[in-house]
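Pasting the structures in now, so scroll down.
Common to both upcoming complexes is chain A, partnered first by chain B, then by chain C.
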Partner chain A sequence: MIRVILKRIGLAFLTLFGVTVIVFALLQMMPGEPIDSIVPLDASDALRQAIIEKYGFDKPLYVQYFCWLGNALRGNFGNSVSDNRLVLTIVSEALHNTLILALGASIVAFLLSIVIGVYSAYRPKSILSWVGTIFGIGGISIPNYCLSLILIGIFSVTLHVLPSNGMYFSGDYSFSSLLRHLILPALAAGAMTLGIMTRMVRSSVAETRNRSFVTTLRAKGLSEPAIMRHVLRNSFPTLLTVAGLQFGYLMGGSTMVETIFSWPGIGLIIYQSIFTSDFPTTQAAILIVAVIFVSINLIIDLLRIVADPRLRK
Partner chain B sequence: MFVASYAQDQERLSEPDFKKEARARFLHTFAAYPMAVPALILLIVILLSAVFAPALTPYNPFDGVAAERLQSVGTPGHLLGTDEQGRDILTRCLFGGRYSLVMGFLPVAIATVIGSILGIISGYFGKAYAQIVMRTLDVFYAFPSILLAIALSSVLGSGLSSIIIPISVILVPPIARVAEATVQDIMPEDFIEAAQTSGAGALKVIVFFVIPNTFGRIFIYCTTQFSVSILSASGLTFLGLGISAPTPEWGSMLNALRQQIFIKPLLTIVPGLFIFVTALSVNILSDALKDALEATG
Partner chain C sequence: MSDTIVKTTDLSVAFKVKKDLVPAVRQVSLSLEKGRTLVILGESGSGKSTYMKALLRILPHDAAIDGAAEFMGEDLLLKNEKEMRELRGDRISMIYQDSLSALDPMYKVGDQVIETIRAHRKSVSRAEAREQAEQLFVKVGIPSPRERMRTYPHELSGGMRQRAVIAMSLCCSPYLLLADEPTTALDVTIQKQILNLFLELQEKDGMSIMMVTHDIGVAAQVADEIAIMYGGIIMEYGSTREVLEEPANPYTRALIAALPKSGDRGRLVAIDGQPPTIVSMPSGCPFSDRCAYATQICKSSIPHLTPVTQTHQTACHLYERKEE
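Let's look at the complex of A and B:
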């Protein structure tokens, strides 16, 4: 088991190495030269050359890569081009806000999908199963940016019950203020997760129920709730994987929702930094999201190894 | 007597009949899937209305009438209202389908070809080759896909290719994974070994035995990616990437109209509903196809 775990951790580091290469490559491919944001346009060629040498832009690419990597590992991403604050500060604040949104979205989506999914796997002809089908197919088909606008249209514009942007009412930093701002974006961001998870839970539980060991348990006279416990225990690893992946997506994939609701999270930061050509912020944000994503996948895989003895070989 | 019944059996099981029966069962299961037929019809209507857009509407998608700005949904003459520049929204949505459908379909087609080739070769040869390809693709799994698409698209600048390339890139890894797993499943089968021992080269075995026996499952998976493609592509244009202002396209139309949400909420979401309905139809179709393929075996 230790070997399997070490191997999986090694693989995660290999992936992270690949991630840094991709982010660095993206940075190189960005339109415009990075020195143009440092050197004044009317600077003399000699000054320009001096600055190029000072910042190491004349060095070979691989040297630049390792310098950049070294800085990134120490959390040094430089200052934001647009407001000169430390990129690390901006990104970690945004990360905190995105975490709130992702938790809100996943709590709703996970709970609903597990209840609906398990129930409809057991009662395929019930009304709730029908609701599950609609949530399932609707959730994976509706663009979250369209759902955001629909929710704003209904709850903010027409009914005037929930706010449509920001995280707090001005001057009111209470929990209830946060909660009221969280509801709409969390629903919009969580809809896709709800759809995917409902389908997943239902098919996984339904499939496990058809396995022969369930028939054996029933033949041996086990009570239905006890059988259900075995069924859930067997579908658990699959569900854990999907849930982990979905949480990862919510941590990094809610750009449109955050943009519409002006939720000051990592997605909004990425959106703004791209349109203001704030390269240091863009790359730091993308890199950190990728690191979080890889870590979540790693944790999930390790949990699976612990939960599923078959994976320990 | 025996000879006669043998001949009858032969007749009954002759290949064209068997194929016909399989096809009938396929169509029956497909049509029996809830909403499959309406979804198919809807998708065909959306497709045709995009192709024949100029013949279907008296308006030009680029010219607005300033005096008729932001007319409500249901206004006579403007069934789905007009946008912030007084242009007919239905017209723009019909023309917009041309871009949005291409942006939904093309990346799937490109990624299916590349992903299948990578996946089938890894699945067939296994070992070192599979390790290299699959571990490289794992790196792409390290990013939430939409984020990778946003980053790539912003690097590629503007134009249709700055949408199509990023979406293709994010679709390749999952398709390759499914293709690899599908091929690995059939590799232990006797017919593969039989083909190999009778002297067929790798290319021949892949083309004549591996692909025909895995194509169905890979294809079904690819159809599920169509909605991912159209939602992500329109998401990029919604953020203002790739397609510039006057071009009618569902995502960018939604982006332009979103400022009006506080004045005309219903009007604002119209282009979004086109994206939703298209994705919904495709997802229902792909579920129905999956059922039908499983029933046919």
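Let's look at the complex of A and C:
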């Protein structure tokens, strides 16, 4: 078991290493020299040269990479090119906001999908089962930016009940203010998760119900709730995996949703920094998103080992 | 009070196959007395497991059960789900044919036995149930039972798992044990120990056993009566000695010749041809297309059980005509 765990952790680190290389290379491949976003185009050659030396742009690429990696590991991503704040501060604020959005989206999506999914696995002909089917198809096939616009159209423009912009009313930083701003983007971002999870929960529970040990449980004279406990316990590892992956996606920042709702999260940061050629911020944001995604995957793998006795050796 | 534990009269089961109801068990009338053992023999697909599951009413919901089934004087088919639940695992318990998938992979085997005890004996504490389960594990021959109870099913060997399943089926001292190939996965010594345990429980508590096996040796050893099943019907039914030594049905003779005897496992002399499936059933006697003696009437009408002696019946047109 220890060996399995160590292997997973090792693999996660290997993946992360690959990610840092890709993130670094990505920026090298972007059009324009990084230097051009730092110095004004009409700067003197001497100033230009000085800055190139200061930032190490004249060194070989692999040296630049290791310098950058070393700094990144210490949390030093430099200053934002556009407003000179620390990149780390910008990114961690954004991360915090994305976490709020992701939590909002996943709590709604997970709870609803589990209730609907389990119920419709037991009652496939019920109305709720139809609702689940509609969620399943809708959540997966309607792009989240369309849904964002539809939600804004209904709840902000027509009904005027929910705000469509930002995280707080200006000057009002209360929890209820946050909550009201959170509802629409959380729905938009969570719809896909809701659709995928509803389908997964339903199929996994329905499949488990057909396993032969469930007949044995009936033959033992257990009550329906007691049997259901066994069924859910058996579906749990699968659901945990899907839920974790979905949370990972949501933490990656729903760029479209965050942009439409001006939600100052990591997705919006990536979008803005690309447009302002703010290289350090783009790099840091993408890197952190990747680290989070890999970490969540690692945690799911470890939790799965805890949750499924057959994986423990 | 009569000593009949279970009795079925014309019990039939039909499965839904593509919107059609296809019979898998046809008008089976058998009965079993207290403390006795009935062995059902027959080729694969003849409906043995289906018959036993019908008694416990644990077939899929779309299966149609017809006829009558009495357990200790009560009509099983009239009971509601709650009443059935109280019987299952308590007064009637079943050892599943496929022990590999009979246990929940997520729960420790000990807990699964304890859970069964506690489902039926509300006053028994967890600790007491654990104690009882441990004693059962000893009885079915599981070494170091205390540790074994704490393991998960996948950590046990097939034989060990089968023994755990047997322990679970015995945990509430059932009146009727439905044992579907209970010892197939076990080696000869353990098999002997289990069969002796069954015998002991029969003598001590008067437990009745309905057992399916493919081993004639086992059948000869434990059975008071034997029923031969084929294509969902009972082909022959009678005392062990008469069925095994003086079979009156060509199918029984072919089956006895084909089934492995204890000791020479694996040397199967198969009966020519394949047993029919429920959707390809001949309209007359189910054995008619493989039977060397089949005549016109065999192909057109289903034979019914007719007495050979007071304790022996057979379902064969040839026999019926011999009588005339």
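Please note the rule applied: the second predicted complex is superposed on the first by the 297 of 313 C-alpha atoms of A that agree within 3 Å, B and C clash if a C-alpha of one lies under 4 Å from a C-alpha of the other, contacts with A are read in each partner's own complex, and residues count from 1 in each chain.
The working rule: a contact is a pair of C-beta atoms (placed from the backbone, for glycine too) under 8 Å apart; a residue touches a chain by one contact, two chains touch by 3 or more.
Worth saying up front: this structure is predicted, and the values here are computed from it rather than measured.
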| item | value |
| --- | --- |
| Which superposed partner A:Ile152 touches (first chain B, second chain C, both, neither) | first |
| Per-residue contact with chain A, leading partner among chain C and chain B | B |
| Partner chain(s) touched by A:Leu182 [first = chain B, second = chain C, both, neither] | neither |
| Touching partner for A:Ile137 - first (chain B), second (chain C), both, neither | first |
| Which superposed partner A:Leu222 touches (first chain B, second chain C, both, neither) | second |
| Partner chain(s) touched by A:Val91 [first = chain B, second = chain C, both, neither] | neither |
| Which of chain B and chain C A:His230 touches, first, second, both or neither | second |
| Contacts on chain A seen with chain B and repeated with chain C across the two complexes | none |
| Interfacial residue positions of chain A with respect to chain C in the complex | 211-213, 215-223, 226, 230, 233-234, 308-310 |
| Parts of chain C lying in touch with chain A, wherever the complex brings them together | 56, 58, 85-90, 93-94, 96, 98, 101-107, 115-116, 119-120, 152, 154, 168 |
| Complex contacts: residues of chain B adjacent to chain A | 34, 135-136, 138-147, 150-152, 154-155, 157, 227, 231, 234-235, 238-240, 254, 258, 261-262, 265-266, 268-269, 272-273, 275-276, 279-280, 282-284, 287 |
| Interfacial residue positions of chain A with respect to chain B in the complex | 11, 14-16, 18-19, 21-22, 26, 29-31, 133, 137-138, 140-143, 145-146, 149-150, 152-154, 157-158, 164, 248-249, 251-253, 255-256, 259-260, 267, 270-271, 274-275, 282, 286, 289-290, 293-294, 297 |
